[in-house]
Amino acid sequence: MHTDAPVLFLHAINLIGIFVFAVSGAMRGVRSQLDIFGIIVLAVVTAVFGGIVRDVLIGAIPPESIADWHSVALAVFAGVFVFFFHRFFDRLQHPVLLFDAAGLGVFAATGTQKALAFGLSPFMAAVLGVISGVGGGMVRDVLSGQVPVVLRAEIYASAAALGCVLVLAGDALRLPPLESTLAGAALTFFLRTMALYRHWSLPRAR
Amino acid sequence: MHTDAPVLFLHAINLIGIFVFAVSGAMRGVRSQLDIFGIIVLAVVTAVFGGIVRDVLIGAIPPESIADWHSVALAVFAGVFVFFFHRFFDRLQHPVLLFDAAGLGVFAATGTQKALAFGLSPFMAAVLGVISGVGGGMVRDVLSGQVPVVLRAEIYASAAALGCVLVLAGDALRLPPLESTLAGAALTFFLRTMALYRHWSLPRAR
Amino acid sequence: MHTDAPVLFLHAINLIGIFVFAVSGAMRGVRSQLDIFGIIVLAVVTAVFGGIVRDVLIGAIPPESIADWHSVALAVFAGVFVFFFHRFFDRLQHPVLLFDAAGLGVFAATGTQKALAFGLSPFMAAVLGVISGVGGGMVRDVLSGQVPVVLRAEIYASAAALGCVLVLAGDALRLPPLESTLAGAALTFFLRTMALYRHWSLPRAR
């Protein structure tokens, strides 16, 4: 089953998520003045944490990024790359959070698909999707001593949740998983970057 | 086996623990000026974290609050409720920590029972009970950038441990699980609220 | 198989790791003015966290330190001992981080061995070794509100990684596991203490 095209595409999309989250963690490491090994550690942890939590919770043990070496090796590469070429990303306005937004979108959508494939109900599949999406950024922020972005008063988990709902809708309409995954990831990324650069926000408690 | 009365009662007690921990997390979110989605995230994480760690450690995978949707839905409801009606709780002296005390008592007692049912030794069952009880508050505090209440110089883990020991005593005397669970939860809640409002404390290192 | 000499030796080495990490966590608790129960909690969490994460990730569930009571009981004992006799360690220059260095070396080496025994590839076994080694100190630092030592600009994860590579080399050369484990642990401990007391460091991003 791992040889047919959609599964391969989903695996490739997942690796994109690993890469962008790793860049996000590595850029945070650069800004926190870490040495090269600290940057690699933060890149790897940010990249694999959400997916590992997802896999442990749905019972897919050992988790995907432990069972084979591609994810960790890609995250290590991203960390080394950022260490040498971070000036390339320094020009961006919010480099850490922009790459984070891409990872959020990818993991929310693929996490929902994977949870559905493991037999979870649609509601819990969306919850797992949100956990997969927000986990990496949460651990990156906690480790580097910042308030987790998921708890700042910005659109974040809500963007992930809407992406997950779009994946569920695609699944209910029996659309091809690849298309609905890409659509869900794109929706989350769009909403999150609008919040980041246009300051969209949700109501707070008075 | 899930249809006889004691098990149903234990399940109901567990849902009470979910609800009060969710209120505790949501009130922290209100006080940290989060938007409604941040409040829901903090409510859900606080409510389910301790039980998920307990279930993963004893091998009950997927964990209870992932396998069915009741816990997460109840925590989401608590988050929304607190967002609109937090003024109701604002009059309390320590709203976050009072609800935390109730959750601590419930999860310490039910966690010990569940670990015993999974064949752990009494000592390790009490350790699992303490982990179940303190986990939610620990992650709530770490995520919101505060010193975890379990590490402040107040009676907290010690109150949970005494509640767990009471559950073990009831089990050794072959008392009905429901009664010993309620007694253990009540003991923990009593000791913890005394520490909170009467400033009971334990010796520190000099 | 648990009766032959090498396995017993590895188990004994692991308990040494539990003890020194527990002392490290307890000393942090003393310095943070915790009460005796807070000190015990921090000792236990620091001692068992890395190994539990390792075991969950490789699918060894329930984890070693949950399945039997020796590790937790030893960590509780270490916490009580440090509470009463911390003056004995106060003379050291970096008591928390010196014991941490010993735990880092032991868990990196034994974690690599255990991951190899569970069939992971050498690269992923080293990754698991690093996770086992850095996990305890990471959670100790996050819980006590400090920047995790793994992310400070000091040789830390890199020392663990070199120890893991030495274990892998010993395994590839079919040396006895006990000897290569001890050699790997000693290398990590040496590099880390040199960084700690002689201020060795790696390049940072400009």
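Brief remarks follow.
To keep things simple, chains are lettered A, B and C as they appear, and every chain counts its residues starting from 1.
Throughout what follows, contacts are C-beta pairs under 8 Å (C-beta built on N, C-alpha and C of every residue); 3 or more make two chains touch, one makes a residue touch a chain.
A quick note: this is a predicted structure, and the numbers were derived from the prediction, not measured.
The two copies, subunit A and subunit C, are related by a rotation of 120°, based on C-alpha atoms and rounded to the nearest 5.
In the contact between subunit B and subunit C, the residue numbers used by both copies make up under half of all numbers at that interface. With centres set at the average Cα position, the gap from subunit B to subunit C is 29 Å. Across the assembly, subunit A contributes residues 56, 61, 142 that each touch 2 or more other chains. Residues of subunit C touching subunit B in their complex: 29-30, 32-42, 44, 52, 56, 61-63, 66, 68-69, 72-73, 83, 86, 142-145. If you check the complex, the residues on subunit B that touch subunit C are 56-59, 61, 120-121, 123-124, 127-128, 130, 134, 138, 142, 147-148, 150-158, 161, 201-205.
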